[in-house]
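Let me begin by handing over the structure; questions about it come next.
Letters A, B, C, D, E and F mark the chains in the order given here, with residues in each chain numbered from 1 onward.
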Amino acid sequence: MRLDELSSAEFKRRMESRPVVILPVGGTEAHGAHLPLCTDSAQPEMVADEVAKRVGGLVAPPLRYAFHSSTRDMPGTLTLGLETTRMVVQDILEALVQNGADKLVVLSGHAGSSHLVALKQACAAIVRGHPDVRVMMLSDYDLAKEYPVDQKGDGHGGLIETSRMMDIAPGLARRAEGEGQYVSHGYMIVPDPETSMPSGYVGAAHEASAELGRRVNEFIVERLSEEVERSFGGVQ
Amino acid sequence: MRLDELSSAEFKRRMESRPVVILPVGGTEAHGAHLPLCTDSAQPEMVADEVAKRVGGLVAPPLRYAFHSSTRDMPGTLTLGLETTRMVVQDILEALVQNGADKLVVLSGHAGSSHLVALKQACAAIVRGHPDVRVMMLSDYDLAKEYPVDQKGDGHGGLIETSRMMDIAPGLARRAEGEGQYVSHGYMIVPDPETSMPSGYVGAAHEASAELGRRVNEFIVERLSEEVERSFGGVQ
Amino acid sequence: MRLDELSSAEFKRRMESRPVVILPVGGTEAHGAHLPLCTDSAQPEMVADEVAKRVGGLVAPPLRYAFHSSTRDMPGTLTLGLETTRMVVQDILEALVQNGADKLVVLSGHAGSSHLVALKQACAAIVRGHPDVRVMMLSDYDLAKEYPVDQKGDGHGGLIETSRMMDIAPGLARRAEGEGQYVSHGYMIVPDPETSMPSGYVGAAHEASAELGRRVNEFIVERLSEEVERSFGGVQ
Amino acid sequence: MRLDELSSAEFKRRMESRPVVILPVGGTEAHGAHLPLCTDSAQPEMVADEVAKRVGGLVAPPLRYAFHSSTRDMPGTLTLGLETTRMVVQDILEALVQNGADKLVVLSGHAGSSHLVALKQACAAIVRGHPDVRVMMLSDYDLAKEYPVDQKGDGHGGLIETSRMMDIAPGLARRAEGEGQYVSHGYMIVPDPETSMPSGYVGAAHEASAELGRRVNEFIVERLSEEVERSFGGVQ
Amino acid sequence: MRLDELSSAEFKRRMESRPVVILPVGGTEAHGAHLPLCTDSAQPEMVADEVAKRVGGLVAPPLRYAFHSSTRDMPGTLTLGLETTRMVVQDILEALVQNGADKLVVLSGHAGSSHLVALKQACAAIVRGHPDVRVMMLSDYDLAKEYPVDQKGDGHGGLIETSRMMDIAPGLARRAEGEGQYVSHGYMIVPDPETSMPSGYVGAAHEASAELGRRVNEFIVERLSEEVERSFGGVQ
Amino acid sequence: MRLDELSSAEFKRRMESRPVVILPVGGTEAHGAHLPLCTDSAQPEMVADEVAKRVGGLVAPPLRYAFHSSTRDMPGTLTLGLETTRMVVQDILEALVQNGADKLVVLSGHAGSSHLVALKQACAAIVRGHPDVRVMMLSDYDLAKEYPVDQKGDGHGGLIETSRMMDIAPGLARRAEGEGQYVSHGYMIVPDPETSMPSGYVGAAHEASAELGRRVNEFIVERLSEEVERSFGGVQ
């Protein structure tokens, strides 16, 4: 249930049962020529909706912007500043808490390390400011990694992500034409990090399938539902 | 066309024709018991999609959060800070410009004066920083006001807004039970501005109709398309 | 009574009766060739002094700088940043509150919407931080608009403002040579907003008179005194 | 000549001769029971007006607020934040430079070390950003110290300051009743720095005279005029 | 060679050959009862000194403070704010660049993910602002991980870190009494992250030896020297 | 005793006796051709170590960076921003207070007025935020000035500083070749303040001696120990 489809009165009533509230944080980012720019948005939104159904939670209006660094100069990547990212997420969480939410999940479709640190900072500020509020924060890729298939060398826009998107948005996603290579810059902080991904993605995206995607997506929904129920106690 | 349904390569190609890019800025805000919290989001998103169709433009991923002051303590209002609002919108516009966009429209569903000033600041920074970029900024309510029906005393969640939502999202919106009063605080800056709207909306929302809404919505789409074509010259 | 003409001891004594404290916020801004740059300062300072006399209040040292956008590139306009404007006003109000003031009036001579939002933000922060403090915020043009004369199309440096200044500072102000036109940019955020006012003012400034100004000024002083007495209860 | 008594057109013409522009930075601060809160404002404003006459300069609208630390908890002191102080002064200077000013004098009536550092930071930013602009910054007390009378132990609100104010504002200032002591806290940063000045001033303010004040004021005006002419070359 | 042991003239001469400049970023952080608070400082300082010797580089004055989150409430951890951390490192790098440095290495002894993101942000700002400057950024633990010994489950203050410290600072470090356990909080952002390390360290610190430490330290110095020479071309 | 040579457990135990904690704030700054860049670091670190011994205190990890303005363009000066300086020192002090420290001494080797104001701001914030914490802040040059030798005209890198460094770091410091002149810019804020010190130092550095340095250093250690004991009461 999307929270903003409720009226003010319905929302107030719904919050009395202290539901888990999930904030999907997406992004608008280049993912090769085979995946849409909304790839990072579509995945956590689908997961959030499914998990909310299972645990009786609410889904906050998704944020479809994130901090992107390695792909920032590829066509279609729309990046927020890192500090802006922290602020907007922290403000949303704070507003949810002011509305009585005390079980929050921030689910990020983008798994860049700087971006996740911004989210973590936002969450940590909420937890420090509100002792009674519990916050979970993760990328759905933290869970995808647990799926029992060889993921060595698979990355941005690769086998798993392409498969997941072929399941979620079949009209927008398709198998890539070949394998995406990763070119390491060692420990150098380079001005053109997009050169790490010459084809715009990393991994065996040419072997992706909607069937694999379906299984991974189910796995993630299942695993996150478990995590939520385990971490927040007997939620509804 | 939603911009983030394109792949990076498709987006790049599409930008070569210098399309108008429309950013719908919504909000999550209490609008009485008869309208959903997404009221400020649903309206500009619909308008943006329709106008983009007519002028051959692209719609950027909507932002469903805004700065809210008078309703900030009503259940379901999720407000960003004012500075956060400026930053996130400015970052998005800057990213669009970095991707070659030079005809931008920021369309806000929320028409609070502070919120609009934040958007204006963001737009002005873009215009000052990029002499070749042109930016339009308005609330769809700037245009709704021109619709030839008596709107005296009509306001937040009132006759026009309710009618529009009954047209756009019939499953989520309905006629209110009575007229919403506005209680003035004169020039006082009060700590509890929600007391200005005891029923959470202002105006004859009990007289709303999907038919009126349809006509107002068409009027707005028509008017904005005209403004866009007039202001940005012969766009596609 | 200007607050800073008192000694520390006199001020302390005077504050024991909890007087209204009025902060005149002026500006240094181009107002055509017929009005001085201090136009936005002279008006609220005069009004503040007169109202303070009537309600037994104190006038804080005026601030003669503001945020200006549309005239910012005209000779003589000295603008603060918008955030600076908020900060300086908020700091002054906070300092007054620390000194025991609990009835504050911020009276702005400049009526630009962004500037007023900055003042509103400052006042709102004070009200949220100090539940016992009441704050009024307005431009004297909010009251001038109520004066019963046709003001349609009258604006910056126009009939009303010129007349008021001819009354307040006859040595510095005079009738303009012709009518000032307003050129609309529709909803575009333009880099050269001064082009909206080709002659630097808007309205029938050539029909201004000190006599009209005197009557408007008296009206404003009367109306603000009423507002202050009504809003702050039986003040001295 | 106060700059803001000119119209936009007169100001533009006047700036063509590249006059020195003096910004008097005052303050609102407790100065014992014998001096008004405007003591730090009245002095630099008088000096600025006189020096401007002699060197053909312009006086910018005075700022009557400053950063105060040691007296911040005395009745009537209205302090800005230190960062606010820097920002407001830097914004004013930047605006003057945008208007063609290239010979700037910042004259501070308040001589607190933190306050002067804030002004210095503002001036240094202007000088770094505008290689053709020259900026002088001082407190009129930098010059008062050169006046040939024993000033050992004289300080805030003491012999010199009281005498100067008796000359400038005879209706507001008077001799103090006794000598003001200074109580040292050594190198401790204390929460109650006002305890350093039990009587609110430091020095032989009971021996002050308008005649001494007149001589000191003349000396300062003379000295600053010399400094300005020497530092800015043959100004008008 | 520590850069600040040179005089200004010697430093200027030395910079003409464009040496690699290494900035060791340490930290002051609890590392169990067996390691000193300077553990994160001592390691990168030793490595920086040794690598500088091999590649003919200079070592900038070490920073002995960092951002710490998981141990922040353990006795002796002194954390900077995350934004402060970014600012201080960015300012130091900027100052080095202003002094002609164009081959920079930021070597962090602390390997917390948020801390490393702050360093990365600082480095990225330098690289974007100075196209001719190359910057390497890493933790010496990025290299320690490559050392061929089983490090599964080893972490903060564990086998490797204890061994390294026993080699570097034998008077301050010693073997721990038992194995340190890690207690996972899953994906929860907890207010008391120190509960993840009940004994203050993680891993087989009771099996540490100076001999292992010596070999790991040599390995790291060797590997970093290689990385530096490979990444910065034929340095001296 | 350097605080970071203790383990977490030892530190905790040591803090139970509420020792004075001294933070040496150094700098990396050009001091002529005869003194090393670490001159501002070496002096307060030595003084802090000696005073800590005498009063039973702890020395926090030194900060070897500061805000420098007049020498900022001389080779080897590495300056932090002024706001960064305040933030890093305030964060360190706050962290010490969180660890139970309530008697803090900030000892700065650099005595620039802006730098000292940044430190004062940091200390004042701590004192205001923590009523039970007492903070001393000074430069060791505040004490050096009391040493009974003619110091007229002596300054940066001059007689006293050179002598002190010849005592502290004989391998790095030596007598200068001649006297360093100071060239005044009056009250101008100049873009090239280094022109005030053509030889990079000011004073009779050619007459310096390790013996004088030894006596001054002893004097400073003695005086600061006295100040500490007097100000913090009977410390250990």
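By our rule, a residue touches a chain if its C-beta (ideal position, glycine included) is under 8 Å from a C-beta of that chain, and two chains touch if they have at least 3 such contacts.
Everything quoted here is computed from the prediction, not taken from an experiment.
Asks: Mind checking chain D against chain F and telling me if their interface is mostly the same residue numbers on each side, over half, or mostly different?
Replies: Mostly the same residues.
Asks: If you average the CA coordinates per chain, which chain's centre is most distant from that of chain C?
Replies: Result for max centroid distance from chain C is chain E.
Asks: So the centre of each chain is just the mean of its C-alpha atoms; given that, what is the distance between chain A and chain E in Å?
Replies: 31
Asks: Using Cα averages as centroids, what's the distance between chain C and chain F in whole Å?
Replies: 49
Asks: How big is the gap, in whole Å, between where the Cα atoms of chain A centre and where those of chain D centre?
Replies: Computed value for the inter-centroid distance: 57 Å.
Asks: Which integer distance in Å separates the CA centroid of chain E from that of chain F?
Replies: 26
Asks: Counting only residues that touch at least 2 other chains, which ones in chain C make the list?
Replies: Within chain C, residues 83 contact more than one other chain.
Asks: Going by the touch rule set out above, what shape does the chain contact graph take here: line, ring, star, complete or other?
Replies: Its topology is that of a ring.
Asks: Could you spell out the chains in ring order, with the walk beginning at chain D and its first step landing on chain F?
Replies: Order around the closed ring, chain D first, chain F second: D, F, E, A, B, C.
Asks: Taking the touch rule as given, give the residues of chain B at its contact with chain C in the complex, in rising order.
Replies: Touch list, chain B to chain C: 69, 82-83, 113-114, 116-117, 120-121, 123-124, 126-128, 131, 134-138, 142, 186-191, 227, 230-231.
Asks: Which of the residues in chain C come into contact with chain D in the complex?
Replies: 2-12, 15, 26, 28, 30-38, 41, 60-65, 74-81, 83-84, 87-88, 91-92, 95-96, 99, 172, 200
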